[in-house]
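Below, chain A partners chain B and then partners chain C, in two separate complexes.
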Partner chain A sequence: MQIISDYKIALNIAYRARFLTIGFWLLLVLVTVVLIAAQFSGRQPATVALDIGISATRLLLPLLIVLLVQELFTREFDRRYILASMTYPRPRHHFFLGRLLAIFTCTMAGLVVMAVAIAILVTIIGQNYHQATPVSLGTHYIITLIFIAIDLSTIIAVSAFLSLIATTPSFILIGSFGFLIVARSYSTIIALLEQKHALVAKQQLYHDSLGFLGYILPDLGALDVRMTALYNSINFIPDNWPFIAISSLAYGLFFIGLALAILHKKQFN
Partner chain B sequence: MSLALEFSSVSKSFTKNGAQIDALNNISFSVSEREVFGFVGPNGAGKSTTIKVMLDVISDYKGNISIYGNDAHDASSRRGIAYVPESPSIYEQFTPLEILKMALRMYGIRRTDENKHCMYWLEQFSIAQNANRKIRLLSKGNVQRVALAHAMVVEPRLLVLDEPLSGLDPVGRKDVVNILQDYKQSGGAIFFTSHVLHDVERIADRFGFINHGKLVTTRSPRELVTEHSDRFIVRFHATQQPDNVARTLREGEYEQDISQSEMPAWLDRLNQQGGHIINIQPATSLESVFFQILGEQGMKTI
Partner chain C sequence: MIKSIQWLAISIIGAVLFIYFGKAVHLSTTIVIDTPPSDRVVISAPIQLLMYGGDHFLAANIETMRLATTASTIEDGNGSSYLYRTHSLVAQLNPCHEDNYYFSTAFLTWGGSADKANEILHLAGECRHWDWIPPFFYAFNQYYFNRNSDVAVKYLNLAAQRSADNHASLTKTAIMIKTGSINDDQMALAYLTNERDNATDPNLRELLDKRVTRLLGLITLRNAQQRFETETGRLLKTTEELIDTGYLQKIPNDPLKLGYSFINGRFEFRTLRIKGMEK
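Here is the complex of A and B:
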C-alpha cells in the first residue's frame, strides 16, 4: 500500500523533530505529578496516584497531539513542503491519512507508555499501605484506557481538521484545547445544574445553552470512566457506553471526511 | 512522435481585492517526447501557474491538460513527472541521501541498489560529499542541487523545472546544463521556465513566450530570432583581407555583419576570392527579440 510510504515518512519526520525527547519530558512531568499527588493522601495513596495519573495523561497527550499536528501538517504548509508533497504521483488523501495514522500511532504509543508508567508507580506506592478499596490495574484499568483512546482519537481528528483551515499555528492549540475543554465538561456541568438548581441565577438558560452543545459536540466527558479502575467496579461504566463511544468515533470520522474534502478542494495558489 | 504534455484551452483566473485576474488565458501548447520546451515571460506572466495546474496543485482550472495521454487531474499521470520548484523547500532535518530515498518511496520505486543509485545522482550533481549532512547545513546552491538530484533519481520521462539554474554558481550552471542535455539525449522531455534567456537559447528546442496569462508565441529560438532579424554575423576564412571588414578575429579569419538582402552578392564575392564560411548566426539575440515582443505587447519592463 502506497499510504504506508506516507506513514513511514511522517513517523520519520516526527522522530527527527525530537518527539522522543518531547515524549520523555511529558513522561517525566507525569511521573513527578503522580509521585507528588500520592503524598497528599495517607489513606488512599494508590487511588489518588492513579486518579491524578489518568488526569495528567488526559491533559498531556492532547498537548502531544497538537505538537504533532503542528509538525506534520502546519509546518508542511508554512515551509511550503506541501508543494513538493502534492506533486508526488499519489492522491492527496494518502498524504493526509498517512500523517493522521502517524499521529495516531505516536499518541497511542504515548498512552501505552504513560499507562505502564502509572501502573508501575501505583503498584509501588500501593505496597506501603493496604487500602480498604484497592485500585484495579487489570481489566478495569484497560477498559478505562480504551475509553481514553477513543477520546484522544476524536481530538486527533478535530485537531487535524483545524490544521487545514487554520491561518496561524496557535489556532490549532486554541481550537483543539477549546474543543477538548468544552466537549469533556459540558455534560458534567449540565448534570451539576440539574442537581443544584440554585448554583447560578439563570439556571434554566445555562442548562438550555449547554444542552445545545450536546447536538454539536460529542460527550467526551462520558468517556472518562476512571472510577471503574479507581474503585475496581464495572458499575461506573454508563449504560449507554456503546452509543457514547460510537458517537465520538463517528464525530471523529466526520471531521476526517471533512478534512479530506477540504484538502481535495484546496488550491495551492 | 507522441506528446509528453498537452495543454488545450487552459484558463485559470484568481480574484484579488475583488478584481478578477486572468493568470492563464486560453493557453494551448504541447511538448513532444524528447523535446526541451522553455517557458519565458516576465514576473507574474503565468509561468509558475502553468506548472501548478500541470501538477494539479491548482486543480480548479478550465480546459484540459494531459500528460502522456492521461488527464492531469489523475494522480497517476504524475508517475512519469518529476518537478523542481524555483525555491526548493526540502525537509531540512534530513540528509540529501535520505531525501533521494524518500523520493523513490513516494514514486513507489523499489530498487535493490537503492543506495548506489542515489549516490550516483548525488555524484552527478557534485554533492556526494554532503550525502550525509543535514539539508539545513547546506548552502542554497547545494540545496538546489539536491532538489535536482531528487527529481532525477526517479528517472522521469518528463522533467518540470521552475527556474532550474537560479541560485547556482557558473560551475553549477554548467554541470546542470550538461546533465539536462544528457537527460535529453537519453530520451527525456523537459519543460522549464526561466528568466535567463541565454539558458533558454542553450537548452530549449522550442519555447513559449507568455505575457499577462496569454501565450504570445511558441517557436524555436532560431526561428524566432530569424523572423525578427534581417542581419547576420558571418565568420569566414579569406586568403586576403576583404574591404570594409567588421572585425579581424585572427590571421585569415574575419567576421562581418551583413543584411539578408546583401547576403547573395556578398557570398558570390567571397567565393570568387577563394574564401569560405565558418558559420553564420543571426545578429539579433533572443533577449532583444524578447524585449521587442514585449514592447509590441505594451510591456515595458521584465
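Here is the complex of A and C:
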C-alpha cells in the first residue's frame, strides 16, 4: 500500500508542476499541426491528418515523459529532496515504482486525450472530402494506440534509468531522445539499405553495423503499426508482433530492474 | 519548466503558421522565373529518417508537402530529376502514400518520364493491395508508352479484380487491348482530360492542361501522317514531308518543351533522360 501512497504523492507533484498546463500546450501544438497538415493533401486529407497526428503524438509524449522524469526523479536527486522524501522509512523501490507509475499514468492519460483529439479532428476533416480509402478509427486505431503505449512504456523505463545515472538534467533529454531516434530508426534503415543498394558505398558494412544494434536495442520502429489504421487493413501488422511487443516490454523491465539496483546502492549524502 | 514548454509550444505553432501562410502568399503571387533552378536537393531516406526522429511516415508526409508546394514552380522538363528523386524517396519511405503515386503519375508520366512513374506505381500497387488505381495507371503506361500489351492486360486484370464497381469496364478494356481493337490515342486523351477536369488544385489543373495540349499535338501529328499515307499511298519518311505537302502547317508546339520524335515510322513523345538516373 505504500506504493499507492508514493504514487499519489507523485501525481500531486506532477499536478503542482503544472502537468495539465504542459499537456494543454502540447495538445494545442498537436491540433494546429493536424489541421494544417490536412490542407496539404489533395486525395487523402483524413489519412494525412491521422498520420501527422500519430507522428506528433509519438514525438510530443516522449517530451512530456522527459519533463516528468526530470520533475519526479532528477529534481529529487539534484536538490536533495530525496532526503526529505525518504524521511518516513520505507523501501527505496516503493519510492521509485510509485513515481514510475505516476509518470506512466500521466503519459497514458496524455495518449488517450491526444488520441481522442486526433479522432475528432480526423472525423471532421473526413466529412469535407470523401476518400477512396477511408481511415479506420475503430479497432485498428486502438491496436495502433496499444503499440504506441508499449513504445512509450519502454521510453519511460529508459528515461527513469537515465535519471539515476545522469549528472546533469539535460542528459536525460539528450539520452532519451538519442535512444528514441536510434531505436525507432535502425530497423527501417536496414530495410532501406536492403531495398536500395545504391544508397551508400560499402552497403554490407553499414548493414552489419546496424544489424548489431538489434542485439542491444529494442525495435521500436516495428511497434509503429499505424498503417493498419491509415489504410483500414489488419494485414499491415507484422506476423511476429507478439515477439516485438514482448521484447520491448522486457527491455523496459530490464532497465527498471537495473535502475532499482542502482537506486539501492546510491549514496545521497 | 512550465514557462519553457509554453514558449516552445508558441514557437512551434509560430513556425507551422509561418510555413503555411508563407506558402499561401507564395502561391497567390505570380512569380516570373527567368532562369528556373536546374536541380534541387533531395536528402536520402536514411538521413531523413534520423532527421524526423525515426518516423518514416512523417518524413514521407513532409516531403510530399514540400513537393505539393514547390512542384508548380518547376519549369517542366528542367525539374524532372528533382520530381523523380522526391517521388522515389517518398515511395521508399511510405510506398502506400496515395498523394505520392497519384501526383507522380500526373507529373512524371506526362512529363516525359513514364518509366520513372512506373517504378513508383509498381511499389504503390504492391503496398496498396486493395487499390485498383495503381495497377490501372501502370497498365495504361505500359500499353500507351511502352507498347507492352501483355503486361498491360495482366495489370488491367489485376485492377479489375480489385474494383467491384469498374470490374466490367476494366475487363472489357483488357480484352480490347488483347484483340488490338482500341484507339489508344482517344483513350489517352479521354483519360487525361478527365484527370484535368477533376483536379481541384489550380496548379495541378494547369500542369495537367499542359499535358493535354502535348497529347493533342501528338494526335495532330499522327492524324496528319495517317492522311498523308492514305492519300499518297506511300509511307512517311521524314516529318518535313508533312509540311512540304501541306498536310501539316507546322509542328505542334509542346508546352513542356520536350517535343515529339519520329522513330520507326511512328510519332512518339520524346522521353526525358534524367541525368544520373539512367540504369
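Operating definition for what follows: the second predicted complex is superposed on the first by the 269 of 269 C-alpha atoms of A that agree within 3 Å, B and C clash if a C-alpha of one lies under 4 Å from a C-alpha of the other, contacts with A are read in each partner's own complex, and residues count from 1 in each chain.
By our rule, contacts are C-beta pairs under 8 Å (C-beta built on N, C-alpha and C of every residue); 3 or more make two chains touch, one makes a residue touch a chain.
None of the values given here were measured: they were computed from a predicted structure.
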| item | value |
| --- | --- |
| Contacts of A:V29 with chain B and chain C, given as first, second, both or neither | second |
| Partner chain in contact with A:A17 - chain B first, chain C second, else both or neither | both |
| Touched partner set for A:D151, first chain B, second chain C, both or neither | neither |
| Which superposed partner A:I181 touches (first chain B, second chain C, both, neither) | second |
| First, second, both or neither for A:Q267, with chain B first and chain C second | first |
| Comparing the two partners chain B and chain C, which touches a greater set of residues in chain A | C |
| Partner chain(s) touched by A:I52 [first = chain B, second = chain C, both, neither] | second |
| First, second, both or neither for A:A84, with chain B first and chain C second | first |
| Set intersection of chain A contacts, chain C complex versus chain B complex | 17 |
| Chain C residues touching chain A - in the complex, by the definition given at the top | 1-2, 5-6, 8-9, 12-13, 16-17, 20, 44-46, 49-50, 52-58, 61, 64-65, 68-69, 92, 96, 98-99, 102-103, 128-131, 133, 200-201, 204 |
| Residues of chain A defined as touching chain B within the complex | 2, 5-6, 8-9, 12-13, 16-17, 79-81, 83-84, 86-92, 265, 267-269 |
| In the complex with chain A, residue positions of chain B that touch it | 14, 49, 52, 55-60, 75-79, 81, 83, 85, 88-91, 93-94, 102, 105-108 |
| Chain A - residues contacting chain C, complex | 17-18, 21-22, 25-26, 28-29, 32-33, 36-37, 39-44, 47-48, 51-52, 54-55, 58-59, 67, 70-71, 132-133, 177, 180-186, 188-189, 192-193, 195-196, 199-200, 220-221, 224, 226-227, 230-231, 233, 235 |
